[in-house]
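For reference, the structure discussed in these notes is given below.
Letters A, B, C and D mark the chains in the order given here, with residues in each chain numbered from 1 onward.
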Amino acid sequence: MANLKTPDKTLGEGLREIGLSRRGFLKFCAATASMMALPPNLVPAIAAALEQARRPSVIWLSFQECTGCTESLTRSHSPSVENLILDLVSLDYHHTLQAAAGEAAEEARLQAMEANRGQYLVIVDGSIPGPDANPGYSTVAGHSNYDILMETVEHAAAVIAVGTCAAFGGLPQAKPNPTGAMSVMDLVHDKPVINVSGCPPIPMVITGVLAHYLTFGRLPELDAYRRPMAFYGQSIHDRCYRRPFYDKGLFAESFDDAGAKLGWCLYRLGCKGPTTYNACATMRWNSGTSWPVESGHPCLGCSEPGFWDDAGFYEPVSVPIGVTSKTLIEGAAVGAVAGAGIAALARKAKKEAVANRQPVTIDELEQKL
Amino acid sequence: MSELTLERGLAAFRAEIDAPTAAFFSSCVHCGVCAQSCPFYLETGDPKYTPILKLEPLRLIWEAEFTLWGRIKGLLGLQEKVTDAMLAEWEELLYDSCSMCGRCSMVCPVGNDLAYMIRKSREGMVQAGHAPEGLINASIRAVTTGSPMGLQWKTLAVQIKHVEASTGLEVPVDKTGAEYLVMLSSMEVINFPEYLEAITKIFDHAGVTWTLSTQCFEATNAGIQIGNKDIAAQLVERVVAAAETLKVSKVISPECGHAFTAIRWEGPNLIGRPYPFRVFHIVEVLDELRATGRIQTEGKEDDRLSMHDPCNLARKSGVIQQQRNLIDLVAEDFVDMNEHGRFQWCCGAGGGVSSNERAEELKMAAFKRKKAQIEEVAPERMVTMCATCRTQLEEGLEEYNMDIPVIGLTEMIADHLVEKPRAAAEHDAEA
Amino acid sequence: MSGLDQIPVTIESSASCSARSRDFGNAPAVLNQIRDALERLVSSGEETCIDLNAMPFGPGDLERLTELLGTGEAEASVEALGPTRIRETGIPGVWLVDYLNAEGQRLTLHVEIATVPQILRPQPQDLACAIERLDARLTRLRDPAHSPLSS
Amino acid sequence: MSGAMGFLLWVKGPMFNIALAIFAIGLIARLVEIFLLGRAPNYAEPRAGEWGPGLRTMLSRTIADPGTFKRAPFNVVVGWVWHIGFLIALLLFIPHIELFKGVLGLYWPGLPNPVVDLVTAVTLITLLATLVHRLWHPVKRRISTTEDYLVWTIVFMVVLTGYLAYHRLVEPYPLALGMHILSAELMLIMLPFTKLTHIFTAFIARWYNGAAFGRKGVQS
């Protein structure tokens, strides 16, 4: 982390320098394409682009978070490629990983910002107590998260919000949101913000986004929640290998019934796959070993806004939130009172009509002839 | 001097709304199936005769005053109001084009009893001064003279003399303690005097004690047809008073549909108390006599006969099998219409339509449905048991040049009585 | 601690463990994709590469696919950034290319429909300096001062 | 939070509660309005009881008499098909059963999704047919009010959005599902104040009809 200036060497030159053969480079590109969820026929284009790419400076800010996102990234199990990607960025500031501490650490951040003004990337994990919240809920070196964020992003090229907390507020923002937590995109409006949501995000997705930036020098195509389409373009449900069981109407109804053992759809056990957009079904976890649904557990929907405040992890998608028959009963009670009121009015009017009724007489009828 | 006003009309509509009415209006989905059961719509093809549409004034009052949403709409000024002009427009729909046959009540998929609500709507119409002239006149005559046609006892007395002369039997009048008080309809007395002769013979044959009452002989009720409780109750009270005076235990309603509805079903509610006697239609009484073997007949009609069920008797009172039992006794070739009994079609004249002169054209249009039914089974003669239906059938068949005579069921039975087994029958009865 | 052994434990037979010998029906779809690619290869020489990592496979699907493809005659290995194992399938022109890292973990798995997989061919840039490199060796051969051979 | 997921959480949460409350208030108010009106005492001697015929009519009116079937076959057949289709989709689709289970605690077996899917498609087609019929048939056109078209629209929207959501024809899915739930909520809100009340009151109406006729000795 000594060299804070972005080197002038291209990525291709750098890789060649560390002794990577052209076949090795090709393999690296194939793995990168896979990681970016791009089709293999783009490998030559990726190779050409990576050949010319330059190493960016990255500042990683951690706010109200659990370090799960960093853990996810650093404990990923195909280190050679992802490490290569990480080695190819200049990670100039990261609380958990940097050797420097105290004022030296903050100095490193300011230096990196100064040296790469307008070009560095900011990665944020964790949500931020908003400008109106008590800043004391989360500070670094006596500065509020909000101030640090705003100061750091001011001259950034782009901001990548890693993890659901940074992307959407996540767990800290769950009701009743005591810290007034906000997401990065709630606060940063004048810089490109990319959300890499998930609790945590799939490590390959984090590096995939970096690789994309590295490869093409620009941000990937984003969805309505500013998530890269390549990873968040399709729902878990649409890519789930258990989907055919949903279509046939075959559901596990408890975690140990015959349906569960046969690998049937987990919709009824609360799977949020239908409303969740992420790449788990294809990228999988733990080096492609498995993913929640494959292990027999419903998707929690961790990459979606408000996932913590949805009806409950084991409530199916169709179940309303916080609604019980109590609402019905209370409504019915009010209705009974209202109905009785209307009926009383009507009965009173009816009674009056009967009491004041004038019998029809022959004379009256005759007048009408 | 008091007069009939919109306010009185609205109050009367209001007073008529009850739980069934509210349930019915809550349920209507505007499917239009009721139109498919209404001869007035089917034979004119004019959608304004759709039964549910005829109830719009009553529905508006229900919505405005009896529902939460209507109250909210009222506060927002969105609720449509019933006006005098509207009622004037609806007069034709509620009277001229509705015989209250109740067929729509039988087919409505959500179960709305539309005829029930037509009856209620007419209460409001009368109070608002929107009843047809023909029915007003009939009501005035009924109240003032005792008969909607202005008929008086002296006319009936002449008939009685004729009957006694031709049968050699006594027609009992004002006989206290007789079993049955026989009521008549003016139309029978004028158009179908055969009826009186027929029951005289049958009751003599069966050994039934009966009587007419000089105090009241008229069973029809113009108040029911125009739709006014006050007049209807007055007329019912006369029947009840006559029955109580003569201490009879049973009252016989004549061959007239609405008269039966009036004294059998509405009467006790109009006067607000149960009767001290029971009420039967003549057909019910005859079938009872048949069942107990008190009527012995001989010979059978051999021409092809079919039958018209009066709406008030069949669909609206459940007398359906009795007339078939009786006709089987005296007819060899009886054929029922395709839709009969509770699903029969109205002749078009009921519900006051026949007393409403200006509805003549609609009445004859509605008859076409009956005509089509008759043509389907092609009988040589028609049998019925309601003077209004019978008149309508005769007029209608003549209008369309169909040579199909119409006869009353009671007369037909009387024609086939065994001449001399009277002593034996009496003996049996006593045994 | 003694409470632990009170928890009832049942061991279920492997038959009820469903992940084995069962697939979720994704293999045939990929086979059809391979067939289309083969047709293109035969008619126009166009090569295709399919990333099996991007397939929403369920447990057993991949095994079923490789089983259906079978094993061919050729096998190769490339040592660069960890091993890459190349295997011809029972269908000529259809190759399985398994990219592994130094620890033997899979980076990605491709099906290549080509006469020879991309990674086995010398790279154009390498080919460009091949003569140069060979010339250097020839020079060395003529100049005994530079033996022994090494690259 | 905004966007499709925010919308979905809103319709699943606060909006659902609002809709359910309005539905409960309106429906109970309507039922109380009806029953508190009561009926006048009936002094006429009955031929038969009211309960038996009333209960029978509650069921028997579901099937049209042969004459009506002949005269209005479209009404009868299309009405039947779409009502049954709607009920199957509402009550036997597994996600809906989960909803009932979540709110009422009651549940029952469902049908396989492809069956419900087919039924839904048929329901959509028949609903369109009812609209065409309403616009075309002179009686229906004459008696139709704004409310009829409004109710048709909401019912159609409920089925259509459900169909679109199931087939994931609208992206993102939370938006599709949210629109479906919102349509259903609007229907729930409108139910007690429009002719949709017949879902409940038709059975009351049928009972009164059956009772009135039954008392007079006729099974209506």
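One rule holds in what follows: contacts are C-beta pairs under 8 Å (C-beta built on N, C-alpha and C of every residue); 3 or more make two chains touch, one makes a residue touch a chain.
For reference, the UniProt names are A = hydrogenase (acceptor); B = Heterodisulfide reductase; C = Hydrogenase maturation factor HoxQ.
Small disclaimer: the values here were computed from a predicted structure and weren't measured.
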| item | value |
| --- | --- |
| Chains contacting each of subunit B and subunit C, listed by label | A |
| Taking each chain's C-alpha mean as its centre, the one farthest from subunit D | C |
| Between subunit D and subunit B, distance of the C-alpha-averaged centres to the nearest whole Å | 38 |
| For subunit C paired with subunit D, centre-to-centre distance based on mean C-alpha positions, whole Å | 58 |
| Between subunit D and subunit A, distance of the C-alpha-averaged centres to the nearest whole Å | 39 |
| Whole-Å separation of chain centres (CA-atom averages), subunit A against subunit C | 33 |
| Subunit D residues counted as touching two or more neighbouring chains | 26, 29-30, 33, 36-37 |
| For subunit A, residues that touch 2 or more chains besides their own | 338-339, 342-343, 346, 350 |
| Subunit C: positions in contact with at least two other chains | none |
| Which chain pairs touch, all of them | A-B, A-C, A-D, B-D |
| Touching residues (chain side subunit D, partner subunit A) in the complex | 1, 3-6, 8-9, 12-13, 16-17, 20-33, 36-37, 94-96, 98-99, 101-105, 110-116, 168, 172-174, 177, 181 |
| Interfacial residue positions of subunit A with respect to subunit B in the complex | 338-339, 342-343, 345-346, 349-350, 352-354, 356-369 |
| Subunit C to subunit A touching residues, read off their complex | 16-19, 22, 24-26, 48-51, 53-59, 61, 78, 80-82, 84, 99, 101-103, 105-108, 110, 118-119, 123, 125-126 |
| Residues on subunit B engaged by subunit D in the complex (per definition of touch) | 17-24, 26-33, 35-37, 41-42, 45, 47-48, 50, 52-53, 66-69, 105-113, 116, 264-269, 272-275, 278-279, 314-320, 338-339, 342-343 |
| Footprint of subunit B on subunit D - complex, ascending | 26, 29-30, 33-45, 47, 57-58, 61-62, 64-65, 67-68, 71-72, 75, 79, 137-145, 148, 192-193, 195, 197-198, 201-210, 212-213, 216-220 |
